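What follows is subunit A paired twice: with subunit B in the first complex and subunit C in the second.
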Partner chain A sequence: MAPALINANPVVYEKKERPARSRPGDADFNEYAADIIDQLEIFDILSTFLHHIRDIKDPEHPYSLEELKVITEDAIEVDDKRSYVRVTFTPTVEHCSMATVIGLCLRVKLMRSLPSRFKVDIKVAPGTHATEDAVNKQLNDKERVAAALENPNLVDMVDECLTPSYE
Partner chain B sequence: MADSTPINFVKHIETYVDSSSSKSPAHQDASLDAIAKLLMNDMITLESLVREMGMYLTTTDNIIRARGILLLAELLTRLSSKSLENATIHSLIGFFAERLSDWRALRGALVGCLALMKRKGDISKSDATAVAQSFMQNLQVQSLGQHDRKLCFEILECLIDCYPDTVMTMEDDFVYVICEAIDGEKDPQCLLLTFHLVEIVAHLYPDSSNSLASYAEDLFNILGSYFPIHFTHPKGEDDVKREELSRALMLAFASTPLFEPFAIPLLLEKLSSSLPSSKVESLKYLSYCTVKYGPHRMLQHFELLWSSLKDTIFSSGQSDNKIASESLILLKNLIQQDDGKLVNLILNDADITSTLKSLNTTVPDQQRINAIGRILHVSATSSIASCNAIFQSFFSDLVTQVSDRPNFGCLYICVELLSACRSLFMNHGGPTSLNHNNNEQPWCIMLHSLCDKLTSSLVKSIKESSEDACSQSGVEGLKILALFPGSFMGVSKVIFESILVEFVSIIVFKFDNGVLWGSVLKALSEIGSFIEESHDFEKIPSFDVIVVEKMVGLLSDDDSSMPFSLKVKAVSEIGTINLKYMMKIVEELNKSVITSLHKSWIDGNSKSAEHAMLLLECYDNKVLPWFQNVNISDDVATNFALKIWEQIEEDITLFSDTHVEKKLLEATTDTMKNAVASCSSENQTKILDKSFTILSSTFKVKKSNPVNLIISLFDSVIIALHPKTHVKNPKIILQILTESLTNGHIPSSHALGSFFNKIPSKESIDISFIQLTKSCSNVNEIVGLSWMGKGLVMRGDEKVKDVIMFFLDFLISNSSQDQEMMRAVADSFSVMMSDSEKCLNKKLHAVIKPLYKQRLFSIVVPILQSSIVKSDSVITRSMLHRALAHVISNAPLSAVLGEAKKLIALMLDGLTILSEDVENRDILYNLLLVLSGILTDKNGEEAIVENVYIIVRCLSKLVAYPHMMLVRETAIQCLTAMSELPYARVYPFRQEVVQALSKALDDSKRSVRQEAVKCRQAWASISSRSLHI
Partner chain C sequence: MNLLQEEGLQLREVQRLEGHTDRVWGLAWNPATGTAAIPAMLASCGGDKTVRIWQQRSPSSTSFDCKAVLEETHTRTVRSCAWEPSGKKLATASFDATTAILEQNGNDFDCVSTLEGHENEVKSVSWNASGSLLATCSRDKCVWIWEVLPGDEYDCVSVLQGHTQDVKMVQWHPTVDVLFSCSYDNTIKVWAEDGDSDDWRCVQTLGESNNGHTSTVWALAFNKTGDKMATCSDDLTIKIWGVDIASLQSGDDNASWRHLCTLSGYHDRTIFSVDWSREGIIATGAADDAICLFIESEDHSVDGPSYKLLCKKEKAHDMDINSVRWSPMENRVLASASDDGTIKIWKLDSTH
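Moving on to the complex of A and B:
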């Protein structure tokens, strides 16, 4: 039943190494200091669970989006104080029909993982998609997103994409 | 019993054959067993059974006929151990062989044939031929179901195994049938059999066999398509492991040299694939096949093999260890197959020679150098001839390059070659006759002539190079040279000594470079151990003079600028080589310890104190454990303890008022404890007597409390005592201890606990107990009492009940008293329940009764439980909860699980009360961990399910606990675990939990947020997708 892949042979990149974080018991651990939500955390949200982009699977390929460089750390803009996140992603090919679904996955994952105070913007990187404006409009329209998430088939697809891949 | 009478067997047959749904499979199996039993016991004969079954075996109803034949076949399988008449077997096998044509009732025929064929001696050759013929004519194996295919393969296997003569006579046909049968097989279990079939067929026919030769290509085409073994659906791995299949296929590949023209090209092709797993597999197969196919067949492939092998090794980085190691194994196999050709290929390889030539002028990449180093290493170790060839082509050139201008590349390859020839020498040499041969080999002569030059350039590289890698290689090279055994002529004694001198001078002067220093020290100790093991009497004296003497001298040498900690490290490392060195070093250490302690006591010299601490630490971590390991005697430990006491005796009048630094005090007491603990009980008595004399003399001299140091050391001695040690003046000792602990000296309470644990006497216990409880006016006494309780409870003494009752009464009746005392009482339960590093553990010879914690748990918990219910004062309640939390969190989880139902509610109350005070956060965390333990244990589920509501409510509050991140994290993890409980139980709380988590998503700590997302996901997925997002 699976339709022929549009981009059958994508370039696959390696995942980046993560720096270690301090845990209780380490000398530099401070119980009351706050960890600000930063680029890396958003990137990680999309990677492990709260750590939110690396893990989302491209609906067309069994690779996670980081391996395909759909999202890089630098493509995330975040301001914890002003509660604002903007994610710019790059579809694997210019006419990728799944761009909206990828965008929707990103949005859902962030909505489920970030505090509700955050405003989330999802954008296609300029010049990387044939119908850029249409996709951007669709992804950032509250009503349309809400409507999309009422559609059981779409939600199933999104959930499928968000299943963590254990390696 | 009626069932087993002969008359009823007809009924059993009917039951089995009946295919209607009224009879369950279990029922039918029972009938089968019953008939088999009758036959076994000769109640009925096989003939009469067959006669009775006649109709079932021949009827035209396919289903009934199939069942009938299957019944007969199954019976024969079960009777495999019973001997049958030849005539019976002949007629039965004729029947089954003929039935192979009956595809509707095939299962029974297959089972029957297999059962009979397995009776190896009973089947005549003609019968076996008949079965084989019928099999070949009638069966299309690949059109059958999985189980039938498996039976077919088993029949074929049985034919080859048991009737090779029969199979030999029909060569061509048989091989053809096998080809046909296995073509396109996909089931892992059947595949395992097919691979084995190919292997045994190939073994059966001689290599010159025409039929095998003509079918070899076809057979291999079938086999080859399975390589490399890879499951597209991981489920298949449950039945047959991938490794098993892969190994079976490998054996099949290597089963006959006739496969060589097809196998090697295939394997080479797969080797060039980009999949790591397929590379590894190809290398493994190639290694195995090379040996099996033999050199004359492999020779023609050498060039191709070498070039792909080279590419593989060159491109495999450090991370692909598996690929690299398999390639090297293959390389070794190939070289050992045929000495000359492959080595020549390597020697004339343009890549290798050009790289080696240009090491000094260009900077080639690290990976390539590593690869070449590994290739040359393996080649040189493979055989003497290859080693000679490689040395002759490269070695002198390399040495010249190294001495011109040392750089990492040539140093590295030099070192690889040295280590290769050393391991070659060790494998072929040793103290046997081969030595002489080895010493006359060209490589050895070359090494001998270049040794001077090489050594001096290695030394130069260590001294002058600024790169760590270079100096490391230098050290490694020198070490290998020094590690050649004495029988080897290549490295003379003079060179050995000069290497040692060089190393020692690095130890003494080049301590700024930590990495280099460490590796040199390690090299020295390796060299020492090696000459010790190989009993090299020529070199041992050199090592003694050059290394050991110098090292021992280091400790007392104040002039050297070397840091003291490094001195101690170097000395102790050398000491671990053997007992002789260790004894020398211990003597020196003792002197040093005593002098530096003396200095620091007398004038508070902080440098001496620091030295003393380093030395004591070395004693603790290196010397004492070493002596315990080699298990010689306890003299060293005893001596050390006595020496310290003697020094105290000497200095006693001097250091009364100086304040001994706290860290030094701790180090001294710890070492004293360990030293005394490793003594025998006789020696312990000696030490105890000595220390007691000194202690009481201080009382006499000063008429006041002896200084902290003496009493602390005395405590250490008591703590480390063996239960068998004789104690002369228990009463006075107790008196001293009690007094000192009343003054707030905590180690004395440890000593008191240990004393009661090991040397109990009812009378003295009573005295101390009364003395401590009577006044009970300060916290120190409570602490003392709790350690006493711990000592008693560990040995299972009844008196502990009095102690516990005293504590409980105190908590319940003293609600108005000052809180500090009450807290101390509550915390005493933690002392009694938890394990201590400082005293009362196995290492310090405590008497430990099994399950003492459970016993205390079961005594205390019911009392605390009822008191909590009764108490109406807030303070008392919170203190009781504190005590209960200590008891629960230190008890073994299994004990808590047993009482989980009663305890859950109390624990939750406790969590709520404890969360009110910041001070209690650690206790809170420990208690929460117990709750999470219950949550994740299968046995705790019932108790949890009953209390879901209160647990969720309590955890939801703890999710926001501000004072400890771990508490929040664990609370969320507990909630995650709860989402797995029965749906109906947890569903109602979904909203509440998700709400609590929405705050946690905004937690200040990242890891809490992370857990919150996981938990939220877990709770969201227990219902449909309709979570608010």
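Moving on to the complex of A and C:
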């Protein structure tokens, strides 16, 4: 028997329209401009895998975490000058047991994508998770994260989340 | 020599030691080296599962070379290492749930013993002052005390349960056989041998209600005489604790540690490491990539001692600093280890 859905009726939000960014080759692309890492850049880094993580988290929901508003552009705080990124995510339900796994995936994705000078804080949005403090503490303890990433089962799970899907 | 009267002290980078291929977690100076006749020796360990031994080129040189890379002892991250007081053996604690004892044999180091028992990651290891006891701690929330027996045998004499979360570090007191542990549960626990039952028990817990830390306590260190202890935390503070050393040495049960002062506002991310030089300078290393040095201030208030910042080295490394360790000699040499994979040797000297 298939396990009961944690959240059978998720609220689905429309994807936000955003202007296309200039890329090398575009008329307005300035290759000498400083390579500033901003909110949108982080969001782009994360959304590639957020589309995929739904397969792990909510197999029966045909929505990405973006559409579920687990993570939104506004929940990403970036200060390129101070090399600081803070991502606040909203688990779909208060007791979402996948919160630590999603958080770990977010952290690993940023670790692999951002220059090493960046300091990253991953937090559950205030009031959205029953054990918010415990989840936040665990996600931001780098020794625990390092140990988790030496666990082959967890690494497989994280890698699966982070593999781009080509469907 | 009075540090407070010296103007413009700064940490000067003497050398950058490269070789680790992942973050460097731990550092330990060999206490039997660094004299006029014996070149200083430093051990480091990290996420690349190796232990590296660095040695000063000559007793007068400021350059260190990598003398040995120990690659086969552990199968996962080597989180910390500690030299036996005689400097002949090195204990290494690993995420592979074991603690290894390595012995120097000419230019090589051989693994002479492997201590098993913890359920998962071992995070820290410490020898007592005489080298007769070893303590280890783990994510399994336990602290183990091992007795060192002849023939490289290690016998577990006690499994201490009391922490409610993983134990980050264990450290023996520098003169008395009393053990300290600090944890993800925000507390520091003091363990002593019970004279009647021969077993070890928790004699004090320093937590939030004793003016303690409000988040993970990552490390602790003692001053030279052992009457003061510094602890550092994810709550971005350093706390100084004091004890009546005479009653501690007499085994008095009332020898309790009390909070003396809290240093806050110096680091803006988790403080991972603290060390106290023989001369009395406290060094801290943190996730803000900075090293801070503190010294006891001369203007004592009625509330007890206060400490002032001697200097702060911003961007001491490119990434988090996991360990700071003063050379055991009184030569104002400090080593630091970082997530950037490097170790740096620093000298505290005058800007003039």
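Points worth noting:
Keep this in mind: the second predicted complex is superposed on the first by the 139 of 167 C-alpha atoms of A that agree within 3 Å, B and C clash if a C-alpha of one lies under 4 Å from a C-alpha of the other, contacts with A are read in each partner's own complex, and residues count from 1 in each chain.
Criterion: a residue touches a chain if its C-beta (ideal position, glycine included) is under 8 Å from a C-beta of that chain, and two chains touch if they have at least 3 such contacts.
As the structure is a prediction and not an experimental result, all values here were calculated from the model.
In the superposition on chain A, contact of A:147 is made with subunit C only, not with subunit B. Comparing subunit C and subunit B on the residues of subunit A they touch gives the larger count to B.
Applying the stated contact rule after C-alpha superposition, one finds that A:41 touches subunit B and leaves subunit C untouched. Judged by the touch definition given at the top, the superposed model places A:155 against subunit B, while subunit C stays out of reach. Once the two complexes are laid over each other on the shared chain, residue contacts for A:112 go to subunit B alone; subunit C is not touched. Shared contact residues on subunit A (touching subunit B in one structure, subunit C in the other): 116-117.
Considering their complex, residues 963-966, 998, 1001-1002, 1004-1007, 1009-1014, 1016-1017, 1020, 1025, 1027, 1029 of subunit B touch subunit A. Of all residues in subunit C, those touching subunit A in their complex are 23, 47, 76-77, 79, 95, 120-121, 123, 139, 166, 168, 184, 215-216, 234, 269-270, 287-288, 318-320, 339-340.
If you check the complex, the residues on subunit A that touch subunit C are 116-117, 119, 137, 141-144, 146-147, 150. Residue ranges of subunit A in contact with subunit B, taken from their complex: 21, 23-24, 31-35, 37, 41, 45, 48-52, 108, 111-117, 149, 152, 155-156, 159.
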